Amino acid sequence: MAKRSNKTIRARSAAKPRARQAAADDSVITALKLPPAPLSPEMAAYFAKCADKLGFVPNVLKAYAFDMAKLSAFVALYNDLMLAPSGLSKLEREMIAVAVSAHNRCYYCLVAHGAGVRQLSGDPVLGELMAMNYRSARLSKRERAMLDFAQKLTAEPWLIEENDRDRLRRAGFTDRDIWDIAAIAGFFNMSNRVASATDMRPNSVYHGQAR
Amino acid sequence: MAKRSNKTIRARSAAKPRARQAAADDSVITALKLPPAPLSPEMAAYFAKCADKLGFVPNVLKAYAFDMAKLSAFVALYNDLMLAPSGLSKLEREMIAVAVSAHNRCYYCLVAHGAGVRQLSGDPVLGELMAMNYRSARLSKRERAMLDFAQKLTAEPWLIEENDRDRLRRAGFTDRDIWDIAAIAGFFNMSNRVASATDMRPNSVYHGQAR
Amino acid sequence: MAKRSNKTIRARSAAKPRARQAAADDSVITALKLPPAPLSPEMAAYFAKCADKLGFVPNVLKAYAFDMAKLSAFVALYNDLMLAPSGLSKLEREMIAVAVSAHNRCYYCLVAHGAGVRQLSGDPVLGELMAMNYRSARLSKRERAMLDFAQKLTAEPWLIEENDRDRLRRAGFTDRDIWDIAAIAGFFNMSNRVASATDMRPNSVYHGQAR
Amino acid sequence: MAKRSNKTIRARSAAKPRARQAAADDSVITALKLPPAPLSPEMAAYFAKCADKLGFVPNVLKAYAFDMAKLSAFVALYNDLMLAPSGLSKLEREMIAVAVSAHNRCYYCLVAHGAGVRQLSGDPVLGELMAMNYRSARLSKRERAMLDFAQKLTAEPWLIEENDRDRLRRAGFTDRDIWDIAAIAGFFNMSNRVASATDMRPNSVYHGQAR
Amino acid sequence: MAKRSNKTIRARSAAKPRARQAAADDSVITALKLPPAPLSPEMAAYFAKCADKLGFVPNVLKAYAFDMAKLSAFVALYNDLMLAPSGLSKLEREMIAVAVSAHNRCYYCLVAHGAGVRQLSGDPVLGELMAMNYRSARLSKRERAMLDFAQKLTAEPWLIEENDRDRLRRAGFTDRDIWDIAAIAGFFNMSNRVASATDMRPNSVYHGQAR
Amino acid sequence: MAKRSNKTIRARSAAKPRARQAAADDSVITALKLPPAPLSPEMAAYFAKCADKLGFVPNVLKAYAFDMAKLSAFVALYNDLMLAPSGLSKLEREMIAVAVSAHNRCYYCLVAHGAGVRQLSGDPVLGELMAMNYRSARLSKRERAMLDFAQKLTAEPWLIEENDRDRLRRAGFTDRDIWDIAAIAGFFNMSNRVASATDMRPNSVYHGQAR
């Protein structure tokens, strides 16, 4: 509790100052040496748009930029799922992203999409709760049903059956909404694994956003 | 062992004949009611190409066909991962697909990609082994390292670290190959979940292919 | 999807042709060097009956044939459980065998008893479904209750209680049926482990049966 | 620690005296109503031998006695595994029985075979350790290797491979010994499940044996 | 079953007699070399009281006795939880201790508190059941609800929610009782880990108590 | 990525504004109705000291304040473990606290001790990494060994053996340090469960500290 005074510590590890954790995250983006390819005009425009709107290019895009086909396929899928019209609000989509990434303990996605939840909700603590344990959050029935489905689909997809879909329907979701919940939860089960497999590092700027 | 004679059975359940399991799989493709959208010219051409080359349109494509943006994003990602040039052979990519789908017990993907392994290898039993337990197969060190990585990434992605990547490098994989293994394993962790969430059913024709 | 053309692949692993997976399965039956004992007259007659009725002697019998006491005890137990009169049909018993073996990912039993389900049901896809995920099959309530019990008993036997038995009773099973479900599920939990511990290989002929 | 004085307790549950846990274990042997069949002459002789040597007939035998074919198959298999000549001592076989039953948390087998370990070893605490956590026992390398194999085979049989068998060989076990370890571990994975599925209760006399 | 005659065994491991398991448990209390500190007057009095009332000083106290601050903090917490007035009887508290320790497979706590359950209940088999599988015991609804909560809190604390607390309330527990159940289950989740991390050994005298 | 514009959303859930997640966390501290007891002079002084040094009284103290004996026992244990002299630095102790709480997904402890890591390290991202996946942090060998031990002790305490302790010794830890790692990991396995069982809510002020 009283965490301030450090005087009495005689710890052997305290000798040399530690490098800050995120020091290299903006320069060494993954553990794989994959030199960037020339950006296609379409992707160059997209990177410029990111830099303009966000102030930076998300590291995941740089990580995919060794191959334009892979980069543009990823961008198309991501933007359709997270930004196109849907019965799910953008905040709900980000909540799924973080809850799935919490199960998979994915550093990149927790940082980037935790910031997304904080920004879209204007409630920093909601972002923390999605990353720590969504069951501790004060959620509407709709949100809770949505996250319970995404969680089960992440942890034990082989157990999903009609009664799981019916639970979503009873919470007010349409069949199209169910597709979107499944597709977003599925997408982050993919992205979490690409990020973990490559030790992808999030842009350090995310950490301070919307606190 | 002697499984033929049925004479002595007095089972109460034997009364009425059962419908064949795959009877409806080609007509009721998912548990969601999502009416197909008009195919875009690009997608119409792609469906025609599938019908021409394979003799049928894979049900996963029909399942995505309620929305052209979602369908074309899925097709672009799938074709890049499974068919574009890579240090991984097409058979190796299908082996990853099946081993991942076996962990996730995904009916759709096990059937469709089990057929893929049988076709590309010309060895029907290899397809069975990928679906049942890849550890029981007689694999090269390269194949085994590849599947062990894909399996760990599927089951416990949070545990992947540099020594896991180094094991792949020692088995002869380049950093680009590692990306491809991760991206394919990631992709099927997505597809397995979309399929399980929607009860997606595989085209019945897969079952008999390349036996 | 389009899996045919292999022309563009430059994979380093494609150099030498692979041996077929089941090539040795009929000669090297387990990983243990246990020379066969002389067959007792009773077991010699049983092997002859198998060869006559099935066209081959199942490898599991050859694996046990290093010791006549072990072989005949195994045969007696197996035949009582799988072939003697029971409230469970022979097909239902094989369905339990495969669903249990799927949980335990046992190559031998999935192959041998998958063939059994295909033969007894006349529906090849039912065999696939039992091996992949029985929850994806279209089952009667009776079958589903039976497999749910067998699955729970396999995965977490310590959780079985009276309400689990009552669920079977409500699905129409007698106490004697419950014993049979438990005994068959138990038996394959034994056999799966003997097969996995010894790397037991199934007769290659099973793979093509009743497709 | 000081557990004697009960004076200060005001617990609401203390009102009526509880029945002793094992009160009914010798009369209501399982949760299934399966009336005993007439004992065959062979089984009658075996029951008499048990009563003579042990002072009682183990409840598992009474539980199987509704059907002579099932009873005699069980007895033949059990006696071969646990009592016939083997490279494993009878104590080692009982140690496997208890360690497997501990993983499966099987009340019947922990009680009956815990008594077996106590009797054969003359060391009551060894029985406790097998039931609680065999890793806390002070074991020879041979015993530890044997139990580690049995434990892995029980918990994750799909992971057993040649290096697991080699570890046993390096600990001095022959291929025949490996079979016996696997067969005994397999057998208790069966028996644990039959016992749990039927709520089989151990003879109360076991509890006090060889303490 | 017939476990007596040892004559036919030819086991290679039988050569030299084994040391009894508990031989060193009263002298080598943990795997850590932490020399005892001088007992404070308060702790010296407490040790004397233990020796007087129990006939021995529990090894856990000796294990903590390298540091008086740690020892007295442990004693204060333990005595408050297990001996101070509470809506839970002392037996109920010991039942929680053993059920939690069974999940964590903690040798020290299972032995020490198994003896506690035997003593307080006067029913030796109840102690065995708590250590083996509390679900096999014949419990009141109150006891069962209490242990189910403690078990879930031990295995998956992140899943506890208001409906779990409500289940306890419906079984007659007050909010203060719920605190006590949680605090005791929590305490043994701590103690189990300290004991396992240090290989803490129980006083050998516990084994024979109240059998 | 572009998360700003919300214009195109037509989500049905967006109608009414949501309450902020932490709105009630400072007033409704747990889900149990346990009226506070009068503070003892010692505890009143301690609360005053907290208010003075930290600016607030941590909610965990208020949660325990229904009973002075429980509160003072908790405070004594906590302060000894986290603040008394030790071979572990205060930062190392907080890192263990967060890594353990991350496994147990405990909202209260992740928030309170995540702030502790941020404060003591002066590196906000280190706090995030401990809460998300400590394996993604750039740690010294000493820190990594310490957290691997704490993690294993949390997840599977029954597997800890001498080789685990030896790994700590090789990383430079003394036996006393091993005790401290175990005791702190154990303590948070207790506190996480008390917090989860009671839905304990962290003071809202923690969220913004040392960002």
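Chains here go by letter, A, B, C, D, E and F, matching the order in which they are written, and residues are numbered from 1 within each.
Rule of thumb we're sticking to: a contact is a pair of C-beta atoms (placed from the backbone, for glycine too) under 8 Å apart; a residue touches a chain by one contact, two chains touch by 3 or more.
These figures come from a predicted structure and were not determined experimentally.
Q: Out of curiosity, which chains are bumping into both chain B and chain D?
A: In this structure, the chains that contact chain D and also chain B are C, F.
Q: Of the pairs given as B-D, B-F or A-F, which one copies D-E, with over half of its contacts the same by residue number?
A: A-F
Q: If I rank E-F and A-E by number of C-beta contact pairs, which comes first?
A: The comparison resolves to E-F.
Q: What is the Cα-based rotation angle between copies chain C and chain F, on a 0 to 180° scale and rounded to a multiple of 5?
A: 180
Q: Once you find the CA centre of chain C and the CA centre of chain E, what distance in Å lies between them?
A: 42
Q: Distance-wise, how many Å sit between the C-alpha centres of chain B and chain C, to the nearest whole number?
A: Distance between chain centres, rounded to whole Å: 23 Å.
Q: Can you list every residue of chain E that touches 2 or more other chains, as numbers and ranges?
A: As it turns out, chain E has residues touching two or more other chains at 105-106, 133, 158, 161, 199.
Q: Which two-chain combinations qualify as touching?
A: Every pair of chains in contact is listed here: A-B, A-C, A-E, A-F, B-C, B-D, B-F, C-D, C-E, D-E, D-F, E-F.
Q: Can you list the residues on chain C that touch chain B in the complex?
A: Going by the criterion above, the answer is residues 1-4, 6, 8-14, 18-22, 24, 49-50, 53-54, 58, 61, 78-79, 82-83, 85-90, 92, 94, 102, 105-107, 110-111, 116, 119-121, 123-126, 128-129, 131-133, 136-138, 140, 142-143, 172, 199, 204, 207-208, 211.
Q: What does chain D use to touch chain F in their complex?
A: For this pair, the touching residues of chain D are 133, 135.
Q: Going by the contact rule set out above, which residues of chain C touch chain E in the complex?
A: 158-159, 161
Q: Please output the residues of chain F touching chain E within their complex, sorted ascending.
A: Residue list for chain F touching chain E: 31-34, 66, 69-70, 72-74, 76-77, 80, 84, 104-106, 149, 153-154, 157-158, 160-162, 165, 175-176, 178-179, 181-183, 185-187, 189-194, 196-199.
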